[in-house]
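One chain, chain A, appears in both complexes that follow, with chain B as partner in the first and chain C in the second.
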Partner chain A sequence: MGYELNKQIAPQVKQGRKKMITQQGVMGYIFMLPSLVFYFIFLLIPLVFSLFLSFTEWGGFDFSLIKWVGFKNYKDFFFGGHGFLYPVLTNTLIFAFGSVLVSFFIALVISYMITRLRLEGFWRTLYFLPMVTNVVAVGNVWDFMYDPTNGLINSFLNTLGLPTVKFMDNPHIALYSVIIVAVWSGIGSAILILSAGLKNIPDSYYEAATIDGAGSFRLFWNVTVPLLKPSILFVLITGFIGGLQSFNLILVMTGDGGPGNSTNVLGLEMYNQAFKYGQWGMASAMAFILFVIVLIITLIQLRVFRSGGVENY
Partner chain B sequence: MKKKLISITVMIILIFALSACGSSKDSGGKDGKVTLTLLTHYSAQQEDELMKYIKMWNKENPNIQVKHKSVNFDNLLSTVMAQQTSGQSSDIVHVYSLWGGQLNQSHVLATPPKDVTDDIKSNYPDAAIKSSSVNGNLLGYPSEIETYALFYNKKLLKEAGYDSPPKTWDEMYEMSEKLTKKDSKGKIKQEGFGLLSGWDSAVVHPYLSLLYTNGGNFLSSNHKQAELNSPEAQQTFDYEMKFINSGITDRSFDAQKGFANEDVAMTINAGWWLGSLKTTMKDKFKDVAVAPIPSPDGNGQGSISYGYFYGVNNQSKHKEEAWKFLKWLNSKELDNGATGESQFLVSQGIIPTRNSDIKALSKELSDPNYKPFINALDFAKPEPNIFAGQKIKTDLQKQIEQVWSKQTSVKNGLNNANKVINQELK
Partner chain C sequence: MKRKFPWFSYLVVIIGGISMIVPFLDMVFTSFKNQKELNSLKFSLLPEHYHFDHFITAFQELNMGRLFTNSILATLGVTVLVLLTSTLAGYALTKIRFKGQQTLFKFILATMMFPAFLFLIPNFYITVHFPLVGGNDLFGEGGNGGLATSVLALILPFSVSGFGIFLMRQFVMTIPDAVIEAARIDGASEFRVFWQLVIPMTLPAMATLAIFTFIGQWNELIWGLLIFTVNNNLATLPVGIQMLQSALDPDLTKALVSAAITISVIPVMILFIILQKYYVKGMQMSGVKE
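Moving on, here comes the complex of A and B:
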């Protein structure tokens, strides 16, 4: 009797449960709808549209004038002789690697030191200040400091009897001059993340290593660095992504990536192609090439760190 | 299935709702009143002057009101683009002539009616008409037109023993050499001849103006071929480099600021700079003078011209009213016989282009500094406003800068510029 009753009830329960799950699913989707719509409109549509544009020629005004050209923009980028590969792409890589690696190493040393200092918060705030300063202000102030006629740095060099350096007018050093500014202004965020990571390393590891006779360098190399890997990975990945896409500092300091193309980077060239020359197809193709470069560099970093035992990312 | 349907329906509704927000605006009211939007790059101070005439029109025409919107010059083209694609376009746009090709190819601007084209063709100089046309088709009312000339500081020239500006290239070089002063460490304190830099026109236009005095060309007459591999182009660039190589001109010396501070004796720039120098230099402005750009033998004439024009947006629902307003602003003679547009331009130290305005404002334009710019309207070659106009200008700028900073030789720089520009012109 009981078995018969269960047999009769079971499908009803099953159905009810299924209905409840379906209702919950619908509710879930309804709650997610605003963010899904947001991503659909502001991420997916522009992404698909720009991928489509990268295979077209379009002046940026009238949708009816979009002309399909296949892989022409990609071919022009690599083989068109417009200087996109050299110097624009090489400048982008030099800028990203230069600014990220230099700021990372300086930040690592500084954070290691300030976590051992009194007034740690004060030092962290001090190094973080450039991060909260507007990039336009930073760029202009450094431009003034680099000025060969009245600039602070050249006045100092002249006082020491050294010749004037044309930081922003010499094509061989202009990009490195901008990298110094990018390092100076970007160091704060790396210090913040790395010092937070350092604080999470339990003292017992250091105590054990010290008992085993480890000196300062071995403590740093064999304890700090391995346990700091997740933070290092985060700093490097976000830094490279930002560095490869960055163009605002160069725009402020040089105006157009000059002299010549010596400070021109992909982000700036992309902006000029779209908004200055009305070549939206080429600009979109550049955006996707940059996307692939960012993806490859990020995957390489992930692989390197995973092989070193970081599995969290 | 039902769930899918609901999701799709909601999304479609949202997309339609959002796209409705961006749909073309209709500025026509139920009472028959029309509000036109005029987009320019004029600053707040310039806007105050322009508004005098807009207010005058608004008072006379209660049914066609004009509203002025201004954006920074650097953002003007991108603003027009964004407005156009989102359907929020301004009825009237004040555009740089170099963008004419781009705007024309993208059908942004409406064709002017016959009465407007007739008025322009019979009342404006050739340089102004060409600046406002693409492939011979007029796109709008010419407003300001700029030509290039030699700016010099009378006081500095006099101190060096010169009473008049140079007429030949050799004279200009010799005078610059004498006018250049350096400190004990070799740092320039006073530059005899300054080359402007920092933006494309500053680099490209003086070079092309010198090239034109030497009888050379930038592009072929049909705009299909670059002509920068000519002996004239090479001679002109060699001449510019002579100043840099001899240390008379230091590229890192800010010639624009330096001239205003009386640290630069001579430089080549456009007419608009007079108004700006007047404001910056105050009393010292009396020493500023302008002369035609020297030519190799003193007999040649050369200058480049570029301009702005008022066009009506093709998407505007009130094209007729927009042209009516533009015709009033640019052709209606006010009390002193000059148009509102010309009075606005003169108040900014800019030379108007309409022939009758130049006559009506002869007193205001009697300043001898205006003369070289006005005279240059007869022989100045307009900046080519083809589709790739901005791109080829930047290409040339980059090559000039590379030669200036000695990354490449004059010959290679010009050959590279020629090659890259020819690719764009294909």
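Moving on, here comes the complex of A and C:
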């Protein structure tokens, strides 16, 4: 009986639904409209514009003065002898690698320990505070602490009987001094991700390994690390990509990537080429070169995640 | 399982914790120090006497009131727009069927792969030469700054976020289709379904997105610096403090900058400590730091 009734009204329902879907279809575009307009103005147009600029020479003001130069900017970048490859690109890689590796190792140890302590939330908040602090504050405070005459760190070193270090003035040290600050300010997010990963490892695994006679080091190496692999990869790769792009800390702490070119990175050089020297063509070419580097690493990331069996990637 | 008291872990975590907090303490205490102490060759963390004049000078000399207003307007503007556009798109991408939906979603995911610096140069030009605003003609010429004549320059380029759309999509997806179908059959328009059904049900995700966007935008520097070069009245807090460094008497700078920094950092820290839960959720979903 019920079946018969359904059969009778089924075609009507079908028609009604079809009408609903087409009406809905228009609404779908209306709801998407704000986002689409934005993407058109601030993403698609800029992308094409920027790609075009990278093949030109232009000071950024008068369109009639724009000059098509083909691949000249790209050639200049690699073979022009402007120091873009060394030290700027090498600095970029050292900065990205250095800050992500150091903060990863410290974060791994700290989050492994934190999950075993009381007041876990308090510690996590403490380590996270620099993440919500603006980069101008972080950079300036560390500049003050690095001060050779009366900064906190050198006074501390002197009290221990160690000599004064010119953290930001010595070209051999400056980049590493900035890396320390990057580690300090970025470690919170690594701890967050890693400690969330650690919580997902069941206690029974540790208990089983302990019964089998594993010590705490083997426990860490043979149980924790393999099970934490997805979180570890996530922290390393996203951190590395972020590190390649970031230049605001260096801008705040050194102004121009000095002393000399010793802390200059690709992002900062791009910024200066455009807004300091008025070389918009070269700056755009640099943006695309950096983008390709980031893209390659992102693709490797996807590959690694998939083969590592990480979900949702 | 019985464990020994983890004294070694406490030791390491506390030493680490001290090095996390000391720079903040140094910042706060430096802003209370007077000239004599700042020039002294001997360092001490605590000031001899507490002087409050730097905070007052910071407010006067730096025009902190103006910086605060700009920062608040820009940050709130971006947060509201990101919430609105993300929720609208999140709803359309999951609960409305239309042609090209999947392609659009893939496009939005792809936009997240484009790093921000790629758009810095062209967007600066587009903002300054925006047609028909700030005295510009139809071709974006002739004006005195285009969008950069108003605080909109600090808002519009950030008003849509691929991450925001992604987050809201994931969340709206969990609302059962039956609930929305029922409202539609009762004759509710899509807008009513959106305002009266979807918005209230997505509030937790919106809170996460809001706090995450707010803190990120409050701390934004590079774009603010660029807009500042066109229009000095649009300096935000980080920009104002960054510019202060070079503008002032170097002897005075240290305490003044510290005072200004302290003022700029405190509100966000309070906000973070209160709304941590939501912020952390956003952090774990994005995992990427600027």
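The working rule: the second predicted complex is superposed on the first by the 265 of 313 C-alpha atoms of A that agree within 3 Å, B and C clash if a C-alpha of one lies under 4 Å from a C-alpha of the other, contacts with A are read in each partner's own complex, and residues count from 1 in each chain.
Note that in this section a residue touches a chain if its C-beta (ideal position, glycine included) is under 8 Å from a C-beta of that chain, and two chains touch if they have at least 3 such contacts.
What you are looking at is a predicted structure, and each value in this text was computed from that prediction instead of being measured.
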item: Combined model on chain A where chain B meets chain C, clash or fit; value: clash
item: First (chain B), second (chain C), both or neither touched by A:Gly25; value: both
item: Which of chain B and chain C A:Pro148 touches, first, second, both or neither; value: first
item: Contacts of A:Ile41 with chain B and chain C, given as first, second, both or neither; value: both
item: Touched partner set for A:Gly60, first chain B, second chain C, both or neither; value: both
item: Touched partner set for A:Gly81, first chain B, second chain C, both or neither; value: first
item: Which superposed partner A:Thr210 touches (first chain B, second chain C, both, neither); value: second
item: In the superposition, chain B vs chain C on chain A residues touched; value: C
item: Which superposed partner A:Asn222 touches (first chain B, second chain C, both, neither); value: neither
item: Contacts of A:Lys276 with chain B and chain C, given as first, second, both or neither; value: first
item: Chain B versus chain C as contact partner of A:Tyr127, first or second or both or neither; value: second
item: 5-13, 77-85 or 239-247: stretch of chain B that collides with chain C; value: 77-85
item: Intersection of the chain A residues that touch chain B with those that touch chain C; value: 25-26, 29, 41, 60, 149, 275
item: Interfacial residue positions of chain B with respect to chain A in the complex; value: 3, 6-7, 10-11, 14-15, 18, 77-78, 80-81, 84-85, 102-103, 105-108, 185, 187-188, 198-200, 250-254, 387-388, 390-391, 394, 397-399, 401-402, 404-405, 407, 419-420, 423
item: Chain C-touching residues of chain A, taken from the complex the two chains share; value: 20-21, 24-32, 34-36, 38-39, 41-43, 45-47, 49-50, 53, 60, 106, 109-110, 113-114, 116-117, 123, 125-138, 140-142, 144-145, 149-152, 154-155, 184, 186, 189, 192-193, 196, 203, 206-207, 210, 234-235, 238-239, 241-242, 245-246, 248, 251-252, 267, 270-271, 274-275, 280, 283-284, 287-288, 290-291, 294-295, 298
item: Residues of chain A defined as touching chain B within the complex; value: 22, 25-26, 29, 33, 37, 40-41, 59-63, 65, 80-82, 148-149, 158, 163-164, 166, 168-171, 255-256, 258-262, 272, 275-279
item: Chain A contact footprint on chain C (complex, rising order); value: 1, 3, 6, 9-10, 12-13, 16-17, 19-24, 26-27, 30, 38, 40-43, 45, 84-86, 88-89, 91-93, 96-99, 101, 104, 107-108, 111, 113-126, 156-157, 159-160, 165, 184, 190, 194, 215, 218-219, 221-222, 226, 229, 237-238, 241-242, 245, 254, 257-258, 261, 264-265, 268-269, 272-273, 276, 279-280, 283-284, 287-290
